[in-house]
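Naming follows writing order (A, B and C), and every chain is counted from residue 1.
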Amino acid sequence: MAVRKEGFEGPVFEKTLLDVERGVYVEHWSLSGEVFGFKGEKAWTIQKRRLRGGLQEGVDIVRLNNGSLSITVVPTRGMGIWKGSFKGNLLGWESPIKVPVHPHFINLDERGGLGWLRGFNEWVVRCGLESNGAPGEDIITDNMGRRKSIMLPLHGRIANIPASELKAFVRLGKPLEIGLYGSVWEASMFGQNLRLSTYITTEPQANWVRIHDIIENLGGTRAEMQLLYHCNYGRPFLEEGARLLLPIKRVAPRDARASEGMDSFLSFRKPEPGFVEQVYFFELLAGADGWTKVVLEDKDRKKAVSISFNLERLPCFTLWKNTASLEEGYVTGLEPATNFPNQKAFERSKGRVLSLGLRERFEAELILAAHIGEAEVLRLEEDVRKIQGLIEPKVFDSPIPEFSPLG
Amino acid sequence: MAVRKEGFEGPVFEKTLLDVERGVYVEHWSLSGEVFGFKGEKAWTIQKRRLRGGLQEGVDIVRLNNGSLSITVVPTRGMGIWKGSFKGNLLGWESPIKVPVHPHFINLDERGGLGWLRGFNEWVVRCGLESNGAPGEDIITDNMGRRKSIMLPLHGRIANIPASELKAFVRLGKPLEIGLYGSVWEASMFGQNLRLSTYITTEPQANWVRIHDIIENLGGTRAEMQLLYHCNYGRPFLEEGARLLLPIKRVAPRDARASEGMDSFLSFRKPEPGFVEQVYFFELLAGADGWTKVVLEDKDRKKAVSISFNLERLPCFTLWKNTASLEEGYVTGLEPATNFPNQKAFERSKGRVLSLGLRERFEAELILAAHIGEAEVLRLEEDVRKIQGLIEPKVFDSPIPEFSPLG
Amino acid sequence: MAVRKEGFEGPVFEKTLLDVERGVYVEHWSLSGEVFGFKGEKAWTIQKRRLRGGLQEGVDIVRLNNGSLSITVVPTRGMGIWKGSFKGNLLGWESPIKVPVHPHFINLDERGGLGWLRGFNEWVVRCGLESNGAPGEDIITDNMGRRKSIMLPLHGRIANIPASELKAFVRLGKPLEIGLYGSVWEASMFGQNLRLSTYITTEPQANWVRIHDIIENLGGTRAEMQLLYHCNYGRPFLEEGARLLLPIKRVAPRDARASEGMDSFLSFRKPEPGFVEQVYFFELLAGADGWTKVVLEDKDRKKAVSISFNLERLPCFTLWKNTASLEEGYVTGLEPATNFPNQKAFERSKGRVLSLGLRERFEAELILAAHIGEAEVLRLEEDVRKIQGLIEPKVFDSPIPEFSPLG
């Protein structure tokens, strides 16, 4: 797939770092913006290398640093973004899992389908593509055409499949855009054959990174699909008194445990050992262009992170509050998705599982940004307020059957 | 194990490429027939290399090209043959799985024992050795001497175990023979300890490759064994109107789905999206030497593939018709075996699971050939007809209890 | 973690061979005692290398040879000790599994939780840390705070987790001490977060190796822990007429099969094909310093191995008699532990599962020695007799409910 872009006319520099079908693999590589005349304050870099030893043995990572914001993409783990940093502030969280874990150390089916949790430490990790959400039984059609009961593991397979293609590219326009392209195949004989193509881009000095994903059904028949972006933040953006701002149409707690926190479901607590997660399911509002924005701001409203995305593509939003101790993983997940992360069978019954026809594509785009300074934060607040407008959020104090099997 | 051969007197050139116990591993190596005076039209080569990136990271492959026919053997996947080519015609098929998948990405137990399907793309893949066939429950004796219920995964483990030994060799007789030797151990403490030794050979310019397998019980007690050669063909040999020719004693459909196709079970349809597989179980006839021959010829009877094997060793033959869309894998499997690929417990109840005593060996030999030209194809038809002779095939329209649990 | 030692004042030479968080990985390295002036008879060496090919591909091993005794430590398999040798005598056993198997080829959940057995061939292998013992159902609390039934696999995960850190060191005192430090993390989001730090040391020419393990709870809440040292011996120390000597307070057979052998439970039989294991559970006696000693001597009382350890830390001792044929693995396991290797749920019900508070550490130390010559063996016998003193061992002929679910 080309790394060109609709509407972009300028030349494109590209470097293939991995292409399994053509037999290309580059172990170490780097590119400096100096080559294109970006020096000093304006310097940017792309660095690809392979990690060694322990659970990270053989994991390829690419660090993309635009001068202000840097991210570490992990092709070996489905093109997730391990960690980011903006002007010294961590984008991501401190998981008990310290390094990017090679998928071959993960048994997704382990512990009743919870094996995914042994590799979970990313800032942004995709959950899908055949399924995401809680582990559980599902019924498939096997090779003999018979109904067969199988167990779907927590959050699906895509985060534990290595990329088949990886390119670094520079779109030489004004502004110049730097990025990575990767493709990841979730395929099985007699199963789904879905290809994720992702473009992860930024601009020199920008405070954002854009994820543009295309999922295509390469199989011979219709295929179901689910996709959730598990975007996770710990300190310094998450802290006692931090708040979530987002334009709400409806919101309901997932379960009784989440109901307990309804009086303050948009603000966050300090780290508490043994804190049991609270999860809220949202239907959001969007602006006229279909886009919405979710903001996590710190207590003093001096720094924030935001995620912008198109509600038509990602109509379900989940808030995961896991303000347990630092050792356990003090973290909140902001999760735009095609569905809520319940068991797939439940989501299917609510019409929230997509179905792609032959060669049909699903596209989604997210912009993840970091913001420092009161003025910036106030502007974000205003953005959310504008989308909310005069519409009164509908807040359910208890789980509702439409969103939640525990309702 | 030596790469010499009973009855062969000439000198043998051999190169050890892998021997885990002696600590030998050669990452890249090649040999040209020029060294032995084979030049120009008569050139042949053996090339060993390691693949990198994605699901093929760390997979060793050996390409053996005799000048007319080439094969790619995959030591890392149990010495299966990924693909072959004869005068530009693909021997094998186009699976949705595009590269040889490293076994450590395969969880055989996944999806109710269907994980094998995530790596399935070979021309010739062995199914066994503890078990093959449909996934299902079986009862074993555990370390405590107690009966224990376990799940056996689809088609067993041997295709997902890397070889422990690999040698390339040239038997310098007339004709000269070139080949590969590999050994693969399927062993567990308190479990089977079976060693597969395989010799895969051909001759310069030949239209065939011979697989000679020896399976030895290295354990301390008797051990059960099953073996099936899943030989898979897509285009150009498989096409609408292609036909299967084979000397039949008895044949029955596996299930109701296969019964539907009894009126044309020996001919093939065009690719059809969502086509559900049809499987037929055969008892074949053999010639005076115990050997039989199965032929797949194209619509115009201008090209064909054949498989020859000894019926005493491989008494069960299965035809797998999976003429689904090209994207799903348009393919037919011709499967000589010790048993039918039903659940092991059923096969045991029918006396079709072998049992090897201490140090006892099982041997099997297959010759897989490709044929271009009407004269060649007619000769093949004649070969099959001769074995059939005047014996009337017994064709069952419905599954029979002897062959099939669905009967 | 430093490789210094309480009470040790001298300088320490150390070499970091692996540190995943700092990005250090050394593929091949060696150190000779000659550097420190140890030559000729007094020579000793440490050699680190990576194995290639087959099931051992990518396995790191370190061979530490003190001049008389050598051991091969396997960082990739949780810092277990694959094999040792003392003056030409094997310390360890001949398993059907011939090479150190990379963890990514092991599916612990396979065959009803018996997958661990596909990699089992070590002299000393730790079983733990979340659990050890027989596979079985257990109830955990999942991320949603709900009780969830999971399957715990045989002997836990620690032996199939690669080390995160590895150092070789030399403590330059008198006597000089040479050793290895390694850390292995058994961690999951919403699960245990236990770090094993191990110091494996010896002295030039010594007949022993010391294992000093520290397990720390790095999680945010209390965590359960189990630890068993599976120390396995075959020939030449195990043979027909070999005997086990140990100071017994109480002993009981695990099950009816073990009851059959009560009349000779401390002596060993010759290899017998199909012999079903016999397992005995012991409460031992200790000397005034809290330490105890277990001795396996050969028939002629001319050579022996011993294991010394502190009973307060490792109060449960298990004897595993598996005198099956040489092909099956003729072996006995001497197993100091925090518990008996029953299913975790049973051990918990008997109060034999440890619980570590935040940052709480558990420490254990074992000294494994080899002894050649009648005088040495007689001294060992005397050591055990002294600890036994006048106390009469309580020997149960049948399983007892306190030790065994089969009682």
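One rule holds for everything that comes next: a contact is a pair of C-beta atoms (placed from the backbone, for glycine too) under 8 Å apart; a residue touches a chain by one contact, two chains touch by 3 or more.
All figures in this text were calculated on a predicted structure; none of them were measured in a lab.
Of all residue numbers used at the contact between chain A and chain C, under half are used by both chains, marking a mostly different-residue interface.
With rounding to the nearest 5, the Cα superposition of chain B on chain C corresponds to a rotation angle of 120 degrees. Centre-to-centre separation of chain A and chain C, using mean CA positions: 42 Å. For chain B, the set of residues touching two or more other chains reads 58, 104, 107, 109.
If you check the complex, the residues on chain C that touch chain A are 18-21, 23-25, 58, 103-104, 107-109, 140, 142-145, 148-151, 161-164, 185, 187-191, 193, 218-221, 358.
By the touch criterion stated above, chain C contacts chain B in their complex at residues 51-58, 95-99, 102, 104-105, 107, 109-112, 114, 117-118, 120-121, 255, 257, 273-274, 276-277, 324-329.
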